[in-house]
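Next come two complexes built around chain A: one with chain B, the other with chain C.
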Partner chain A sequence: MLSRMADSLYWLSRYVERADNLARILDTAQRMAGLPSNYAGSTNEWESVISTAASTAAFSAQFDEVTRANVLHFIVGSQANPSSILSCIATARNNARSVRTAITSEMWETLNDAWNETRTADVRAMSPSDLSRFLAMVKEMSLRFDGAAYRTMLRTDHFWFQRLGTYIERADNMARLLDVKYHVLLPRQELVGGSLDYFQWASLLRSVNALTSFHWVYRESLQPWLVADFLILRSEQPRSLVSCYKEINEYLDQISDAYGRQGASQRRARATLARLGNANIDRIFQAGLHEFLEEFIADNNELGRNISQQYLS
Partner chain B sequence: MRIRIRHETSYAYASPARSALQFLRLMPRSSDGQFVRRWRVEVDVDARLDRSMDAYGNITHLIFIDGPIERLHIVAEGDVHTRDMGGVVSGTLERLPLAFYLRGTALTHASEPIRLFARRHLTAEGGDVLAAMHALNSSLFQDMAFDVSATSASTTASEAFARKEGVCQDFAHILIAAARSIGAPARYVSGYFMRTDRDDQEAGHAWAEVHVDGLGWIGFDPAHGMCITDQHVRVAVGADYCDAAPVRGAQVGGYDEQLGVNIAVTQGQQIVEG
Partner chain C sequence: MTEQSQFNEMYGPDGAVRPGYAAFHEWIQTASRELIDSRKLEAEHFFRRIGITFNVYGDVQGAERLIPFDIIPRVLTTSEWDLLSRGLEQRTKALNAFIGDVYGAREIVRAGLVPEDLIFQNPAFQPEMVGVRPAGDIFVHIAGIDVVRVDAETFYVLEDNARTPSGVSYMLENREAMMRLLPDVFHQHRVLPVDDYPDALLATLRSVAPKTATRDPTVVLLTPGAFNSAYYEHSFLADKMGVELVEGSDLFVRGGIVYMRTTQGPRRVDVIYRRIDDEFLDPLAFNPTSLLGVPGLMSAYKAGNVTIANAVGTGVCDDKAIYSYMPEIVKFYLGEEPILKNVPTWRCREADSLKYVLANIDKLVVKEVNGSGGYGMLVGPHATREQCDAFRAKLRDSPAGFIAQPTLSLSTVPCFVESGVAPRHVDLRPFVLSGADRVRCVPGGLTRVAMKEGSLVVNSSQGGGTKDTWVVEV
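Our next item is the complex of A and B:
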């Protein structure tokens, strides 16, 4: 396979996954913003959307104030923001078009339909219920795309690179979401393990579709360290960092088996999974969750660079 | 290097056992130097197989079998990717404080000759623990005879050291006793060694890990006179053999037990690095 093709497949999935995550974050923010402030706390939900999307600098270059309208414009529709939902869908579709023969028609149609339906979306005119409908459509696109890929793609390097993109992006988003929420929720160090705002933690879990499953796994009330344990270390949770890295390793191993070569990507992914597998949430909190997540995000980015160097260029 | 391991343990009883209990430490964990790509543990009779973790962090399986049992066959099998880390063992699950590994056990009690042996090397290396451990490691390799019939599973470090012969387990016990006697935390490791001369082996391998300040745990293999390499696969650690033994068991009824062990450690698909 040409590295250009691998590159398109990989980034195609990253952008679909990114759009999905942005939709989930916005959905949660809207829900939180609708709560009375003594439930939701005094934090500005829209601000945390911007920091979760890692675009504080780009946002403040364009806007003076963090308001619902500005954030929606920036995260949903801005052409100037390459990671806005509409930009993600457009970029994903462009990548898909350039490797049209390497993906199945179901995958292509999903992306093309989503692009057609969203490109005329007028963010400024969106009422809260319009926004909910729009976000539901974005999430549906990613579900359909993922399902189509899983059900229809031939299990060759095309599939493996497509999957790699999904999980690298998911791991990055999960870690950043947890990092931002952790700071918002526990602004002072001594509060770790202290009082807990049920709605905030519940909303974090809800944004990754994990509120019900949390109670299935733990059968107890929401505790900050259990939420972190669930989203970092539990392999039952399909979006947890450890689950993402199991998948990443699986596909990197398939690729190295098929090509008969392995390199920095495999080494780094294996080391990260081994570390996650031997970690324990108490010790992570002792050493600092923020430091742990920061290191993870840097490591995950480095893996992305390793993959680019090894396969995509 | 990719290493493929198949470890079979079989029991046969002349008169069937009523029930049996087997405790296995047959599942490796991933760390910086090794990545467990695929691993499974299987039993060929109807049994309850509970996976858990012991105090050291080893993955354990407990098998309960309701008899009557005439035969039992346990297979642990999988693929592990290894990397040569120059003997350094990092990224492992550590559940116990270092001081725990300074404590002697019945099998690793340091007799006066072992203490003397350790101190002599430490003095010769000017008090450098790491250099002393390397020297002790090669000296055991040179002076001890490897003899599978000389010792048993219950031979202590002191006995083996006095007789200057033993198997990898005895070599490891002596090195552990020596290290602890000069104040270095040390532990027993059971695992596999990929030999280049043959695939089939009668037993797994064992070596020692010594904690050196500033470097962390270092794997020393006195039976081969070297530090661990990408030919070693770590499975379980413990204070001595008893705590890291791959298979331990008991049964009710059933006499004339026949135990068979067959281990194959081979190199898997060749993969170019880079």
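Our next item is the complex of A and C:
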């Protein structure tokens, strides 16, 4: 397959996944912003949206104040922000257009529909219910896109590169989200069990659609280290870092089997998965959750570069 | 030219419904305005959704526009099509023989049939190609022969497109749309299928793989990229053929062989169906500033290691002055009488013709010999006195740059327009494929419609629309 095509497929999926993650984070922020302050805490939810999206600098270059309107404008609609939801959809669609032959018509139509529906969206005029509808639409797009890819694509390198993009982006987003909220997870004696923490943890889980499933796995009430354990180390949780890396390894192996050659990408992905497999949450907390996540994010970025060098250029 | 004298393909001169149109005549009579409008909306949604759009250069607002689609099909009977397809095959064979001669022995020039300056001073003539003999001696692998009709029996060829004719994706998607929108009416007919076109195209391209290729030659489609106006078509055809859609930067030449960059390293390319113009193909041979092409491609081509379809330099056939010699060209190479007529053409380079054209410009269509896309032409009867004068000045200035033709009374087909159903002028572009093994032509082609009342200009860049074209057994 053409390197350029593999590159477009890979980035196409990353942008769809990014749009999906942003939509989930905004959804949760809107929910938290609606809670009385003794439930939601004094942290500015909109501020944490900006830092989760790793765009604090770009945001403050454009806005003085972190308000709902500014954040929505920046994260949802800004054309100046290449990672705004609308930019992600437009970029994904452009990539899809340049690799029309590599994706199925169902995948294309999902993206093209989303692009047609959202390109005229007026972010400033969005009421909370408009926003909810919009975010639901974005999440639905990524579900449909994923489903279409899963159900309709040939199981060849086209599919494997497309999947790699999804999981590398998802791992990155998950780790960032945890990192921004890590202070919430650090046990603070005076507040453990308080309602404030409860809603913070719940919102973290909710933003990755894992609140209900948490209870199915642990069958006890929310505890910070369990939340971290769930989102980092549990393979039952499909968005956990370990799950992402299992998938990444699987697709990299498929590629190397088909091509008859392994490389830096396979070695790095295996090492990261092994590290996650050997970790346990207590040791992670002792050594520092923030340090752990920082290292993971850097490693994951490095894997992206390895894949780029090995296959995409 | 009056309204009465125009041949209406649905109703004939006596007003009787012509063969093949009965079911549609019936449907138009009974369908409510609401039903028709809802079908039109559905059609637009269909085209928007699959993304079959085109870009109009210099138009930022309409960055991705739809070509209007009319839901009344244009119907030809199988006996009409038999005649047409025999004529198309004959004409395409003649075009291939002619262009091979132009870059080969030049017998037609020596025979004194075509003036040599028309060939050698033609901007589309490529000196690089002299002496090059592509696989199977095929130069024009894909030809779009534009045909118009004036009455029940008479078809004229309006122009030959031997460069990189486009529009075939509309032929295929229009059929898809019709089968979805009006399945009941569709199935009252036996319509000859067109959906094997991509297979026929692939078979054609594989048949002309170079001798050095493996038994399973690699075909690619070379596109200028996603911002080209015909990009949809490029991706559509590559997809349907199951071949890679490449851009210039995906290819490179090493040791006289063309390769594409893949995730598994370089892979040899044998046949390039290129949808970029000659001058952008290879910055080393042609336009040195082109970023679209592949440096060294021409040397690989001349070494016989890759086939380029269509061959370089085929644009000579598109020239409207060359066109005027087509009846002689057919006779010269094939020894046959042309089956399809040429429109009588005055070559303004000849003094007598120029005199006649200048005197009768208000009754004639004047075209630039190298023009295309409906640009740079004058339709005398529809032009103002000032426009006619401006063209007279151009003609006196460079007579060799123009030809003139009578304004034909082009046939019409009913269309849905704002005011209801009304006749509109149409032409037909069938796509003729020439391989080393044989000529292939799927029944039908792209019918283009001049959506404006009375207009004769069908080009999509000038607001033209399209219709599905049915060849039916009656």
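As a convention for this text, the second predicted complex is superposed on the first by the 300 of 313 C-alpha atoms of A that agree within 3 Å, B and C clash if a C-alpha of one lies under 4 Å from a C-alpha of the other, contacts with A are read in each partner's own complex, and residues count from 1 in each chain.
The rule is simple: contacts are C-beta pairs under 8 Å (C-beta built on N, C-alpha and C of every residue); 3 or more make two chains touch, one makes a residue touch a chain.
In this text the structure is predicted, and so the values were computed from the model without any measurement.
Touch criterion met: A:Arg275 reaches chain B, while chain C stays clear of it.
By the document's definition of touching, of the two partners only chain B reaches A:Gly263; chain C does not.
After overlaying the two complexes on the shared chain, residue contacts for A:Arg97 are found with chain C alone; chain B is out of touch.
In the superposition on chain A, A:Asn116 makes contact with chain C only, not with chain B.
Chain A has more of its residues touched by C than by the other of chain B and chain C.
Using the contact criterion defined above for the overlaid structures, shared-chain residue A:Gln254 touches neither chain B nor chain C, since it reaches no partner.
Of the two partner chains, chain C is the only one touched by A:Arg4; chain B is not. In the superposition on chain A, A:Ser51 makes contact with neither chain B nor chain C. Judged by the touch definition given at the top, the superposed model places A:Asp157 against chain C, while chain B stays out of reach.
Of all residues in chain C, only 48-51, 225-226, 231-232, 235-236, 238-239, 244-247, 249-250, 260-264 touch chain A in the complex they form. Residue ranges of chain A in contact with chain C, taken from their complex: 1-6, 94, 97-101, 105, 108-109, 112-113, 116, 157, 161, 255, 259, 311-312. Listing the residues of chain A that touch chain B in their complex gives 249, 253, 256-257, 260-263, 266-267, 270-271, 273-275, 277-278, 280. Across the interface of their complex, chain A is touched by residues 29-32, 34-35, 37, 57, 81, 83, 91-93, 269-274 of chain B.
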